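In the part that follows, the structures are each spelled out as structure tokens.
The same subunit A turns up in both complexes below, where it pairs with subunit B and then with subunit C.
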Partner chain A sequence: MLTRSGDAAPRGPRRPTGTESPWALVWGRFRHHRLALVSGVILALLYLSAIFAEFLAPGDPQAYNARYTFAPPQSIHLLDRDEDGSLVFRPYVHGYAVTVDPEAMRRTFAIDPDKKHPLRLLGRSEPYLLMGFIPMQRKLLTIEGQGTPLLLLGADRLGRDVLSRLIIGTRVSLSVGLVGVVLSLAIGLVVGGLSGYHGGLLDLVVQRVIEFLRSVPTIPLWMGLAAALPRDWPPLTIYFAITVILSLVGWTELARVVRGRFLALKTEDYVTAARLDGASDLSLVFRHMMPAFSSHIIAAASLAIPAMILAETSLSFLGLGLQAPIISWGVLLQEAQNLRSVATAPWLLWPAAAMIVAVLAMNFLGDGLRDAADPYAT
Partner chain B sequence: MTAPPGPAPAAEVLAIVDLETHFPLNRGTLKAVEGVSLTLRAGETLCVVGESGSGKSVTARSILNIVKPGRIVGGHIWFRPDAVIGAGNGNGPAIDLCALDPDGPRLRAIRGARIAMIFQEPMSALSPMHTIGQQIIEAVRLHRAMDKQEARARAIELLRQVQFREPETAIDRYPFQLSGGMRQRALIAMALSCQPQVLIADEPTTALDVTTQAEILSLIRSLQQRYGMAVLLVTHDMGVVAEMADRVAVMQGGRVIEHGPVDAVFRAPREAHTRRLIEAARLLERRGDRAAGTPAGGPGQAPILSVRGLCLAFRGTTGFLRRRATAVHALRDVSFDVAPGEALGIVGESGSGKTTLARALLGIHRVDAGQARFRRADGSLVDLCARQGYADRSLYAEIRMIFQDPFAALNPRQTVEQIIAEPLRIHRLCQRSGIGDRVAALLRDVDLSADVMDRYPHAFSGGQRQRIGIARAMATNPRLVVADEPTSALDGSLRAQILDLLLELRNRLGLSIILISHDIGVVRYFCERMAVMRQGELVEIGASDQICDAPRHPYTAELLAAVPRAGPRHARLRDPDAAGPD
Partner chain C sequence: MARYLARRLLLMAATMAALSIVCFAIIQLPPGDFLSARLAEMAGTGDTVDVANVAWLRAQYGLDEPFIVQYWLWISGVVGGDLGFSFELRMPVAEVIGERLGISLTVEILAIIVLWAIAVPVGVYSAVRQYSIGDMAATLFGFIGLAIPNFLLALLLMYLSYIAFGVTIGGLFSPEYVDARWSAGRLLDFLGHVWAPVLVIATGGAAQIIRILRANLLDELSRPYVDTARAKGMAEWRLILRYPVRVAMNPLVSTVGWLLPTIISSSIVTGIVLNLPTLSPILLRSLLAQDMHLAGGLILLIGVLTLLGTLLSDILLAWLDPRIRLG
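This part shows the complex of A and B:
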């Protein structure tokens, strides 16, 4: 009661009191959620690296080199000694000294302290297409010397650079979530909106369908649907088919959120007031009801994205989702299915770490948005 | 029991000294209470009165230190547990409640046992998951060593004391099965369970009807005498003060601006603010300046609205396995006429069907039978309650509604200009370029400045919001306005302002108004004619003055008797044997 009274409204020299738009109020509350803010920054960085993946990846994610199977990560040394013994800033990595155990035919890698490969920022590289259409010849980080690999996170079974693959995989893994949620949001808004606004028999039928869909165990459902995809489809088609499959189940949750908001808002006095102003149904929905829960929807969607990402990863991990040559975190984790490879090359688990960071960040961000979503609640 | 008239002062059971309570805001702090000092003597009633936002509730809550997220930042609250009526200041030790840990065991031992509190909204103070009996028993056993049987017996006894009918069966009811007044009684029973020295009542009757309010107030008074409690009553209603108080403290802006014995304050208020509060309460005891609003064509003119035989029942089913159809008859054969330019008041308790009537007339609820013929501007008749009643949307421009809750009725995401312009836009009542000017003119009509147009509703107080709601209703130059409790969410002084504004608009624009209220004073102030509703039926209809001076139906008389008058002389709740100053 007190905080609503005029006395409590914060006074400032900036703008006249009470002219802050609802979104400004949401932002004002969101700003105080430190964890969500940090998560937002992390996610922004992740999505930026997904966009500029080719530029950030030091190597070609598909290039393999049998000499460097399961090569361990190199560490970057920032300072080097000049000939006269003084320290200078000249980043470099050490090369590998490879010894082959003749009995077990197993390669063991050791750091060769004599070989130093200097690193260069924005150095020249093989020509490539950024985002598939911008020709570029420079990368963020390159190594000098032909044929020497830069394996900052080590190499996998075929000697491919884990870091490059991780960065390229970000693009598919994070966009599957977005595309999937956009699809489920579209279905959820329409179905949930009709169900909540219209009510009655339609509501009853829609709710029973949702309950049925939600009672089907998801992994077998996905497995069945994914197994039905023709094997000879091109990778991009498979990718879209997978997002559609994921959103077929994902929309139910969003539809429920939307329906709940509609039911709650339908009886609000200000909606009744607009109806008595003579507003049409469409105007009621789009001018008066939608703005009231758009922030809720954003929050619900941002909480649904991690579920999508996890689902893609599980499917791909099981070999039912995306397949090589597409690179996603789930596909990368297939490499880590084998206990022995994990034992010899624990760096294969880096995609799992990236995923945990991404999913946690999304959850925190979603929490923050949800808390800030309704600036008029007391 | 009133304060003893003798020279020996009663012991001070509670002394608040320089209390300061602050609330953290996004930017800065809100100083809700700034240096309040009050004393409460054993056995007396102190009323703390003020408008909302004056800090009266926070002061009361500070006593038990339940002000989260706020904090008591200064001052003392001395509590003397051994103070009794008639003695000098108790010689036992006084405890400073502010110095105790708000969550610590010492303050918990005082809360409920020594100082009990009842709240404005009893539904939210009671747990919906437990019967009232379980909750009273828990309160009893929390502070007293009793086994379950004894505690239950004690709970039944308490319910009997707060005048529950059949307390033996009522004890097993859930809060939602009880009416608002019964819930408040249950809460009082809980508060009394340990025979506290002090009862703090924070707007205990604001959520209740007048008749229930009178019952609860007289109950508090009789229990106070029985137990010798001191009562600290927080209210915004000067009528309640006049009924209840021995002494009054008037608060404004977090400070006590005036305090003293109730008669002195009412007879010779020192502060202008106090005078305003008293006048606002007295205003509703008479009729407003509605002489100019007599129907233009006299009673002979054809009615603008003619309601015949409206019936409406809300049907549902109860029971899980054995389904039973239930029906609540909200309207039973309601018939009345409204003449052009007339204001008709509809009075009744909550649940009497008056809001349902308003909503049926506006096509929100569908009626089972009956019709409401409305004469449109072009002379044609249309049945508002028919299925196709509002098929022609332009009808919405001729009949407008003013809502009860000014906080809920304005879309928080639209600016004031968008809100008021909405009906103009929909009915294309003015050029797109002229909307700004028209909204400004409407805002000036309701005494708001035109430069508030681009603000959002959250920047306005309750009274200002109600003005915006009125401006929206007037935007289409309506011919009939249905006002559903337009003032019941507002403080006393605002109430009169809003009613005067409506009166002025009505006289100027020649509107017909149906005013719905639970407060017979509001209706008498505003309307030439009134209709009294009870359980869905119109029990009496006629000229306001006639009904108020000589009610024919006993229910009307009951309603009239329950209205608190703003003067201690008129107070009828005091026992005749407690010799008052008059």
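This part shows the complex of A and C:
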């Protein structure tokens, strides 16, 4: 069967079934994969919260307050009683009653039922810059009452708000995967494409390099490279260096997929026809072959993102990846490194929950995309 | 067989050479060299610096020579068993490694055994009883293995055993057995500790194997030969284990070498989190301290062990399955 390129999609009025564009067919298949659809929505929400992180985070992620070390999470009460005893919708949280245990030298937090701090949607806050350049003075959720922090997911060792840090960390953690995959994809497309399209000696060399990279355990390799980064580099440089290191291995899988596709397509009749028609190598690759497997590439790339996110988290957790003041899920989990912290403050594990949700959603989405990638398969 | 072996050995030698260059590059990457780092540290603490000693060390390691000469000095030392000197631990690298290598290998081999012992029965069961509760549980387990990195699994296991039983797991020996000689008591103590890391390492790999085995076996189970055997009245489980399982296992066994890098990687992370007396915490420490000779030596050793393991499993396979020899 001939595979049509995306250009041949019908334009203008809708034709009868059978002549729908390949992308419409892909979408039609994808739609039936419920789990993938739900995952897509979850991921869209996660990425949206990464974009609008400063607006969503109730507090300043870097602000610390030693009085609230390991303060437990507050719970939101939706209904409040008025003076006359009737229930009204007025969300509030309780304040903390802090007592210091002189023997254990530990603060114990109790909920103080007398202190009620109403919550306000879109309330005023300290001025801040959304995405680093839009000045704003309102946040999604603010607390009324001076001096009491809003700690919906508790506080860490330095009394910083775990929820705010989690939301801000989403930005780095989710983008590491994207940037890394874009890099891997660029390398994988060029190398895999050349290797599959040209074959011969080049193919042989590329295959050996890929085999080598796959035969070496990745974690020690990554650890070594990450540890070799100069300590005095600015955070942003470190961030990009880490994504480059992760891509060093990540590209092999994508190159393998691209090469395989090129090998399979090279002997297709329509490619031969285009070649006999005098099409140049470039136009052969970009106009005729690439459109036929771009959906496969998207699927393969989407399955590579979660692996990158896991790798970044593992490296940062070990202290070899990103470092404070950068906030990523892995950096946050460093706080949960020893059992004592986790036992006193289990809420430090929330970043892990976020990561599991994100990684699972990406895998389901990738599976759905892969199943939908070839709409002509039966 | 001899030709296959020769080709494989040749390929491995080339891979090892490439690996050693990568490792040496890692050693060289940080700005400055280990001596200048050490000197700065000694000057900072007010230690006296023996100028002659430093000059001798510089010459010994060829620190002022070009990359290729330094590499040659290093690699010829490595081949002769001299992996360099750890400036952090003030011990030869070979000694540091020798102390812990045995335990590392033991934990990894145990993990591989447990991995197969879990993955194969579960994979077979979940394919034969497709969509049963057990199958769903296996699928769930698979997703957990997919989404939870090893460090988190180890952390969760520590946390859960702490809140459930009040026991802290970690390490491989109780304090009284750390430096003791091997005895029945020490062995029991070891077994009482080793299950946690073994379980964590095995879980990560098992998830992947279960998925592949289940998919392969499902394909095989619908083949006509299965129906034929069933029609002839063969006992169900005997039939399944005798024919389709053997076929479905084939692709798994032929890629068994690919599993090794994953196992090694996860054992490193697990070893660090659970603070095992293996090579892993040393690797992390040396990397954090930029004690690059130790780190490079360790990474090289881990890589070489992985390659050897892969070679061993390939030879085993070529011996077991005559069809593979030509490939």
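Rule of thumb we're sticking to: the second predicted complex is superposed on the first by the 361 of 378 C-alpha atoms of A that agree within 3 Å, B and C clash if a C-alpha of one lies under 4 Å from a C-alpha of the other, contacts with A are read in each partner's own complex, and residues count from 1 in each chain.
Here is the rule we use: a residue touches a chain if its C-beta (ideal position, glycine included) is under 8 Å from a C-beta of that chain, and two chains touch if they have at least 3 such contacts.
If you're wondering where the values come from, they're calculated on a predicted model, not measured in any experiment.
Engineer: Now for A:288: first (subunit B), second (subunit C), both, or neither, which partner does it touch?
Structural biologist: So A:288 only meets subunit B here.
Engineer: Figure out whether A:235 sits in contact with subunit B (first) or subunit C (second), or with both, or with neither.
Structural biologist: Neither partner.
Engineer: Check the residue A:270 against both partner chains and state whether it touches subunit B (first), subunit C (second), both, or neither.
Structural biologist: Only subunit B is touched by A:270; subunit C is not.
Engineer: Hey, which residues of subunit C end up touching subunit A in the complex?
Structural biologist: Answer in residue numbers: 14-15, 18-19, 22-23, 26, 29-31, 143, 146-152, 155-156, 158-159, 162-163, 168, 170, 257-258, 260-262, 264-266, 268-269, 272-273, 283-284, 287-288, 290, 292, 295-296, 298-299, 302-303, 306-307, 310.
Engineer: Show which residues of subunit A lie in contact with subunit C when the two form their complex.
Structural biologist: For subunit A paired with subunit C, touching residues are 208, 211-212, 214-221, 223-230, 306, 310, 313-314, 317-320, 333, 336-337, 339, 342-343, 346, 349, 352, 355-356, 359-360, 363.
Engineer: Would you pull the subunit B residues touching subunit A in the complex into a rising list?
Structural biologist: Checking each residue of subunit B against subunit A gives 23, 25-28, 30, 32, 52-53, 57-58, 253, 362, 364, 393-394, 396-397, 400-401, 403-405, 407-413, 415, 422-423, 426-427, 452, 454-456, 458-461, 464, 469, 472.
Engineer: Quick check on the complex: what are the subunit A residues that touch subunit B?
Structural biologist: Touch residues, subunit A against subunit B: 1-10, 12, 16-22, 28, 32, 268-270, 272-280, 283, 288, 291-292, 376.
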